[in-house]
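Consider the two complexes below, in which chain A is the common component and chain B and chain C are the respective partners.
And now, the complex of A and B:
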């Protein structure tokens, strides 16, 4: 293999895939990226066997072929190279000569044959989505992904494509986030996409690109021009999330998202650090937030709200509330509550595109 | 410049004739009568506890039970019911925990509390001690004696001064006065031998000891001398240390013959997980990390663990252990299998979960099984897969 590539484009391509490479892996070759010629480009692939990605970078191909190189070292080298054209040439015994201007490296490669292929199953159809929308939907749900290793099915985001809608759901058992949008078209499918793939997608998605998704067999596929990401879907049963979404909560209040978030941040300064509990006392016309800490003192703030129902008190982890408020972009939010032991719902005033259900804390 | 250490407020709570009082509480006909809890009065055991009515006859704890029977033949002699006392103890400690996070139980019926930081929430230390005594009487039905002082040593001395149902406070600055006329064997660490030696030196009271030159005591008693002098001057900076939870709880089994059958290995795991769950519940802990350990016939040992929500449910522990087991390739016969649960913490979770109902039902089930096991033995309720299989007839 012998190619010439623009350093800037190569660097950008490497950055899109090299995060997939795990710092510690079972197979030495998984520490590497695969470089292979493909038409008038070099395709760069990385995989940890569960999640894989590949990107095509335009190149001048003098000789076709393939090789693998340490992802970390190649990344470090290319990052430090000056802008311009760099050349890669594979020599005997998998030695790789990398040159750029007056700089040259002779690198130890590993044969490409042993690299696990990053090859998508061919799906029956694709779902098209604006990259910005997908990124927003993932940001609205990813924070609720569980870190509980014993509940594998919760360690990702559930994608459901059905009846002209795409819906993303995540829960850690304490809160549930559901984001949905309508679709022009799309083949139905569903599956749990692992956290790592979600993080990578959010990282590589820019603005304005159109992305295509497919859920097929046990694979999630995302593709953009010149880029492809594959993830093995998490096996297991995602809980019946619709069951935990309360209906007909009697206490309903509408308030300013930014005012509520600011008050929560102010009051929770005095909350216990680990679970950051805040007490909400709802009374006619007023919502009082309160926190206390035996070693530091107490904090309280009252917001005026349009509420006429009975007085009630409920406790929440203020971080959970702030996560939910941060995921909403409308200025007016709707909060629905029932009693101290029932979950609260947080949604935007307009539209049904997003809501978050949060379980209370005993206080 | 050396900073003066901030003054602390320590309470020592000591239940009065604990075992005997619990019995009198539960059996009204025993109230006002001498009650002796301990071994069989005709046997060779000792007295575990004596009610104040029995103490009037000279009976005291650790006395041979036959001697107690001779001193107070008409007393009610009762066997030790540890489960009952443990339940009362848990109720007592739960009340104490409401007044400070710094509670150090020293036995089932005795604990230190550091209430220095609780004053702003509950008022002055003496009021806290009074409130605790009131709640112990109202909610557990038992009386306690309490001592309030700037350190542990004085608090313990103070709680002992007006037993039963006593309440004594030693204010900061009054330490030396308080100790002056007390006999020297009241000092922590002064047993009969040391007391004899001190008396030979002309020291009868703590006040006299406090006036001795330090060098003399050190020459005579070494390091203990310095310590005694500090105590005699009312100084004791030992902190109140809440019991640290154990690091982990586990079980393992080495098989008489190496095993390959995954079913049998999993049954061994299930039994271990149930046992650990029971132990966690008894001790009041829940753990986050489950670790599976396997030693192969060639002594190669591997462990696999995973971390999740805290649990004390044997079946949940088994579910996680089985998940780890399922991810293994059994390359050789297994010599030993074991499970442990670590990252232990207190059980009550303030954060509710969508699965709380399910978890609560499982917790009720576990409690019911625990109650049956206490009553009918550990094998009263077991998983069907753990029943001994009848050998197949030919």
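And now, the complex of A and C:
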């Protein structure tokens, strides 16, 4: 293999895939990135076996081929190189000669054959989505991903593409976040995308550009111009979340999202640290938030709300409420409640695009 | 690789190929048997058969496709140990101390469970081989229970261990146990000869390794002979030099667990020969056949009871080493019993 690449483009490409490389690896080759020629470009791939990414960088290809090099060292080298053209040439015994201006490196490579494939397992059927929208949807759900590793099916975000809609769902058993948007058209599919992949997708998504998604057997695929990200899906069945979404709650109140969030933050200062409980007391025209802690004292704040129903009291983990409020961007939030033992629903005033179901706490 | 590379374990292979042929692969297996008889080789062959996209029918007939083709990319990746759907776990020293006791720790088990929770990367299955599974630390088997009982779909876990009692019954009861036994002397010697050993050495090592070709191949025959000589020298020197000689030896040897294991085995084999000689067995059966005179002389000087006690001491020492007792302490106790006649 012998190629010439623009240093700036190469550096940008490396940065897009480099993050995936884990410092502690089961296979030594996974500490490397794969460089392979493809038409008039070089493909740079990295994988940790769970998430893989591949970027294409335009290059002048003098001789075709493939090699792997230490991701960390290559990144460090390219970062320090001056702008201009750099050349890579594979020599005998997987030695790689890297030259740029007056600088030259002779690097130890590893043969490319053993590098795990970063390719779709079957031909994907794509759906298109605005990158910014996808990023927002992930932000609206990712906080609810479970950290309990024994319930592995909950350690990711469920993607469902169906009937002209894409829907993302995450739950940890205490709360459930559902975000959905309509799509132009696309191949149906579903799968649970693990947390690490979600973080990686959020990291590579820019603003405003169009991205394409596909769910094929065992894999989630994200495609952007010159870029491909593949993630192994989580094995197993996501719980039937629709069953836990309550319907027809009688108490419905609309209030300012920022005012509620600010009040929650103020009151929860005195909540017990581990579960951060806050009591919500609802009465005609007023919502009282209260917290107490035997060692510190008590706090309460009353917000005026447009509410005419019966009086009721319910407790929530204030962190869960703040996460849900933070995931909304509308100014008005709709809260639907039934009684102290039933989960509450938090949704935006404007539409059905997002809601969060939160289990109450006994207080 | 492949099942053809495994010799003398027809029973175990039959169990596995039947499961493959019937499409009824258990989610967890325990390969139980002495080390060096082909447990890991069989596990890898089984993994290869599971991961091969174009398996071949068994040459013995039957409908199921049970043999890895050995040629495709997946098969080669298994052989080179780089298949992303195959994970082999072995005991490691603690992260903070590279010279510490090797064990399979709870973090490793958690990591395994994380991988098992993902869909396969390339093949139809994910295979996890846990070598030396009895080296799991106290909490590791507990943590493993749930996954062993009900692993995520398309997961096969193979535990390799030398004794069924090496793991809690709760772990083993969740696995299908496949037994492995030592090979007979002929078969072992044949394997060793195929690997380029000359006839007499192969025969000697086949007997000394007690039918465990893997063990016999693990070290060079010359080193093995030296080791044996040294074990007997130590026994003699301690016998004549008393406690002073004992402490001199154990001080230099007592840090190396692997070496302590080899010494204990060598002493055990020596006493086995004494017992054979005392029973009037054919000198052909002796492992120390080259010094049959010395064996006979030594055997005459011992009572049956003494010999049984000595063999018992070796066995106890072996267990102690497996149970993580300090090698130095084990060697001191054993030597004082074998050479100084302590109770």
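In the analysis below, the second predicted complex is superposed on the first by the 360 of 363 C-alpha atoms of A that agree within 3 Å, B and C clash if a C-alpha of one lies under 4 Å from a C-alpha of the other, contacts with A are read in each partner's own complex, and residues count from 1 in each chain.
The rule is simple: a contact is a pair of C-beta atoms (placed from the backbone, for glycine too) under 8 Å apart; a residue touches a chain by one contact, two chains touch by 3 or more.
No experiment lies behind these values; they were computed from the predicted model shown.
K.L.:
Which term applies to chain B and chain C once both are placed on chain A by superposition, clash or fit?
P.N.:
On the shared chain A, the partners clash.
K.L.:
Is A:351 touching the first partner chain B, the second partner chain C, both, or neither of them?
P.N.:
Neither: A:351 stays clear of chain B and chain C.
K.L.:
So in the superposed three-chain picture, is A:26 touching just chain B, just chain C, both, or none of them (first/second/both/neither)?
P.N.:
A:26: touches chain C, not chain B.
K.L.:
Can A:219 be said to touch chain B (first), chain C (second), both, or neither?
P.N.:
Second partner only.
K.L.:
In the overlay, answer first, second, both or neither for which of chain B and chain C A:49 touches.
P.N.:
In the superposition, A:49 touches chain C alone.
K.L.:
Would you sort A:248 into first (chain B), second (chain C), both or neither based on which partner it touches?
P.N.:
So A:248 meets neither chain B nor chain C here.
K.L.:
Where does A:194 make contact in the superposed view: on chain B (first), on chain C (second), on both, or on neither?
P.N.:
second
K.L.:
For A:149, is the partner it touches chain B (first), chain C (second), both, or none of the two (neither)?
P.N.:
Touch status of A:149: both partners.
K.L.:
With both complexes superposed on chain A, which partner does A:116 reach: first (chain B), second (chain C), both or neither?
P.N.:
Only chain C; A:116 stays clear of chain B.
K.L.:
Counting clashing C-alpha atoms after the superposition, which of 171-179, 279-287, 333-341 or 351-359 on chain B is the one that bumps into chain C?
P.N.:
Only 333-341 shows clashing C-alpha atoms.
K.L.:
Indicate the residue numbers of chain A shared between its chain B interface and its chain C interface, in ascending order.
P.N.:
149-150, 152
K.L.:
What does chain B use to touch chain A in their complex?
P.N.:
101, 117-118, 120-121, 290, 306-309, 319-320, 323, 348, 350-356
K.L.:
For chain C, which residues are in contact with chain A within the complex?
P.N.:
Checking each residue of chain C against chain A gives 77, 80, 82, 84, 87, 110, 113-122, 146, 152-155.
K.L.:
So in the complex, the part of chain A that touches chain B is made up of which residues?
P.N.:
Within the complex, chain A contacts chain B at residues 148-152, 171, 173-174, 176, 239, 244, 275, 277, 294-295, 315, 317, 341, 343, 359-363.
K.L.:
Can you tell me which positions in chain A touch chain C when the two form their complex?
P.N.:
26-27, 29, 49-50, 114, 116-117, 121, 149-150, 152-153, 155, 194, 217-219, 232-236
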